Amino acid sequence: MGFNRKDLLGIQDLEVGEIEHILEQARILKEINTRAIKKVPTLRGKTVVHLFYEPSTRTRTSFDIAAKRLSADTYSIAASTSSIVKGETLLDTLKNLEAMHPDIFVVRHSASGAPHMLARRTDASIVNAGDGMHEHPSQALLDMLTILEHKGRLDGLNVLIVGDITHSRVARSNIWGLQKMGSKVTVCGPTTLVPPDIEAMGAKVCYRLEECIPDADVIIVLRLQKERQQQMLLPSLREYSTCYCINRDRLKKAARDVLIMHPGPMNRGVEISSEVADGPYSVILDQVSNGVAVRMAVLYLLAQR
Amino acid sequence: MGFNRKDLLGIQDLEVGEIEHILEQARILKEINTRAIKKVPTLRGKTVVHLFYEPSTRTRTSFDIAAKRLSADTYSIAASTSSIVKGETLLDTLKNLEAMHPDIFVVRHSASGAPHMLARRTDASIVNAGDGMHEHPSQALLDMLTILEHKGRLDGLNVLIVGDITHSRVARSNIWGLQKMGSKVTVCGPTTLVPPDIEAMGAKVCYRLEECIPDADVIIVLRLQKERQQQMLLPSLREYSTCYCINRDRLKKAARDVLIMHPGPMNRGVEISSEVADGPYSVILDQVSNGVAVRMAVLYLLAQR
Amino acid sequence: MGFNRKDLLGIQDLEVGEIEHILEQARILKEINTRAIKKVPTLRGKTVVHLFYEPSTRTRTSFDIAAKRLSADTYSIAASTSSIVKGETLLDTLKNLEAMHPDIFVVRHSASGAPHMLARRTDASIVNAGDGMHEHPSQALLDMLTILEHKGRLDGLNVLIVGDITHSRVARSNIWGLQKMGSKVTVCGPTTLVPPDIEAMGAKVCYRLEECIPDADVIIVLRLQKERQQQMLLPSLREYSTCYCINRDRLKKAARDVLIMHPGPMNRGVEISSEVADGPYSVILDQVSNGVAVRMAVLYLLAQR
């Protein structure tokens, strides 16, 4: 089975065969990034527009490197500071840019579903680079690729996701994706940051880290947004850290080959301790490398159709 | 007749043959934008610097796409946020960048005449991408190309420009250009927003939209800058809209093949209604596509000399 | 002797032969910038990341043009406005970007020694584009290249550096570099802006401009940061200008072939008068041109190893 869609909007609506195909493509393209000449002419003459309505250097740079290593031309519209949006609707912005004949839009927006709406209204491809609290499919794909490289499989693994589940599109995309691929997913966080509908998604919920760490093959640590405190969802960073920080002490009860992952950027000392982030179980920088590979695969596959 | 100038500063000083040559070149290059590989090596190794002293995502992106589709390397200096201008004159900034051997500067500046001053002081080509309330030549050229594509001619057409004529470089460049090409131009707007010298430019003035719509082959709707209200030039947006919004009702008396144009970004419901903007007469997105084509032509012709 | 280092961190630790090699390479590559097609494929498929923790359009653009003329792909991370640094250490930012396999980082940081710390922690090359009050090696190299082109030698020349020596990384890199190459360096400025350790670096100190101008073969005028006034290091700009502005009057006692240099951007009328900046002794724009050439040489040599 291939991947013949116009868009990559989320993990929820992908078939297993499609995920496998993207991951396989990423493994093939990944090698380009370690060559002396890190560039292939595959997307020469293709136009990729990064349309970011939320600030992001990390994800945008990863997509940008992916696009340029395939020889695409790229343009960055940072909508927060951009005049393109003054008194203009999201759809007008899209339609205007579309009239300049881009091939692919990479879109980040604070409203869940924004990329889906745009995808219905344009012939260009839309890649969802994060929409509200909904999905961040390329993050889940790079996480799956990283697990696959280290564990050789996704099927039958126990994956634990720790932190602010409610507000995390990374968590949602991973829950959908990992379960499709046969993993069992447990989420763990304070009650105020675990949404009531999470069990309907198929994930197990656990509130005490000590109980779920021993079974985990993989622990995905989420970034804690410090503004959750002002929203009264957290008593204090210190109390969060006391209960949920992934540190060396807590990992004593973990499997000897547990993988520690984090989508970045890390708050060292809050959700993860430095000795764990930089320790032997951490594959956090592999995730970043795989991010470029997965995004190369996504851009490549969308441009082929 | 060709186009052998060093600079494109305005429409006012162009010959008819030069305008025709640019438009013809744009028609030829336009096709590149719909190829699978949207890139030709024409400007390979040329350096284009976008020097923008006013914020602009739309025009800058259009020029940038035009330059890269011709394989030029581009650099963007957003002077509003740039350290390059701290304690430095406009001319020092130009001279410094010039010492790095660019071929073309695309300049936007709030002072009328700024690009002309720069053009006299550099051997590089200057393209005026908008200077104060003076000229925006690439906008007029793309408007003319769009009319030409839809009407087959410019000669003998009645073009109506509606809105804030006083502050509009789009209006000025179009009045000069369209009249050179044989169109008759009428402007319509509130008395506070129509300058007294407009008839000296050759345009007819009309204050009641109902009177001038029936004769129009083309209606160019200008963007209303909302800050005109604070300047006491407008009673209210609502009153403006009541008198000057181009909506379906008003178009009932228009020619059956009238063209509706807008330089963007639109204030839907203020100067143009959504049903008109998205309706069958609207060629607004064609303007955007032609913007890239015209800018490709301009960059190409300037780089040839 | 060649240049086989991983990084260019400063002038202080370079050998004479290494400086000569970079300057020789710059002279060879400089010619590319005046070709019709200003681009060679030397760094095709190489990735250069500009990581700027201080605002800079001028230096960043110079490095960017240098990189693209050699066909590298470039990415700009302006850390002041970037989400990449929110709650993230400098080292985490580096490590994350490193995982995307760049070849060269061009780094500017307000902390002296920051590029050196990064260089020890990455296999990628680090170019110091200015660190605190410490070094700005590419500036000293372009200054040396400019002097060499006009004087035919560095050995035995008297170079006078005027202004705020204390806060100037340009002064420090030049003092180290010029003395290595056989020049004698004198610094001149108000006592509050000349550091006590400057004589330990080998430079002569002079407080009255009139005394040191007659002997100078080259005068490097430093930019005066206006904020020095609020720091109580300067009585007033006017008094500074009265005592230290390089103007036509003062140059009457200078050598007939004196060179006037300035790293830019200039405060005309403060540290340099317009008639001197634009006059026959000024080689200020040659410095800018040589900046691109020197940076091409540095990027080229680092990428070869």
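Going by the order they are written in, the chains are A, B and C; count residues from 1 in each one.
Keep this in mind: contacts are C-beta pairs under 8 Å (C-beta built on N, C-alpha and C of every residue); 3 or more make two chains touch, one makes a residue touch a chain.
Just so it is clear, the structure is predicted and the values come from calculations on it, not from any experiment.
Asks: Over half of the interface residue numbers used by both chain A and chain C, so same, or under half, so different?
Replies: Chain A and chain C contact each other through largely non-matching residue numbers.
Asks: Which rotation angle, from 0 to 180°, best lines up the CA atoms of chain B with chain C, given as a multiple of 5?
Replies: Between chain B and chain C the superposing rotation measures out at 120 degrees.
Asks: Between chain A and chain C, what is the separation of their C-alpha centroids in Å?
Replies: 40
Asks: Quick check on chain C: which residues sit in contact with 2+ other chains?
Replies: Counting only residues that touch two or more other chains, chain C contributes none.
Asks: Once bound in the complex, which stretches of chain A touch chain B?
Replies: Going through chain A, the ones touching chain B are 44-47, 73, 75, 77, 82-89, 92-93, 95-101.
Asks: What residues of chain B sit close enough to touch chain A in their complex?
Replies: For chain B paired with chain A, touching residues are 33-39, 55-58, 61-62, 64-65, 68-69, 226, 264-268, 285-286, 288-289, 291-292.
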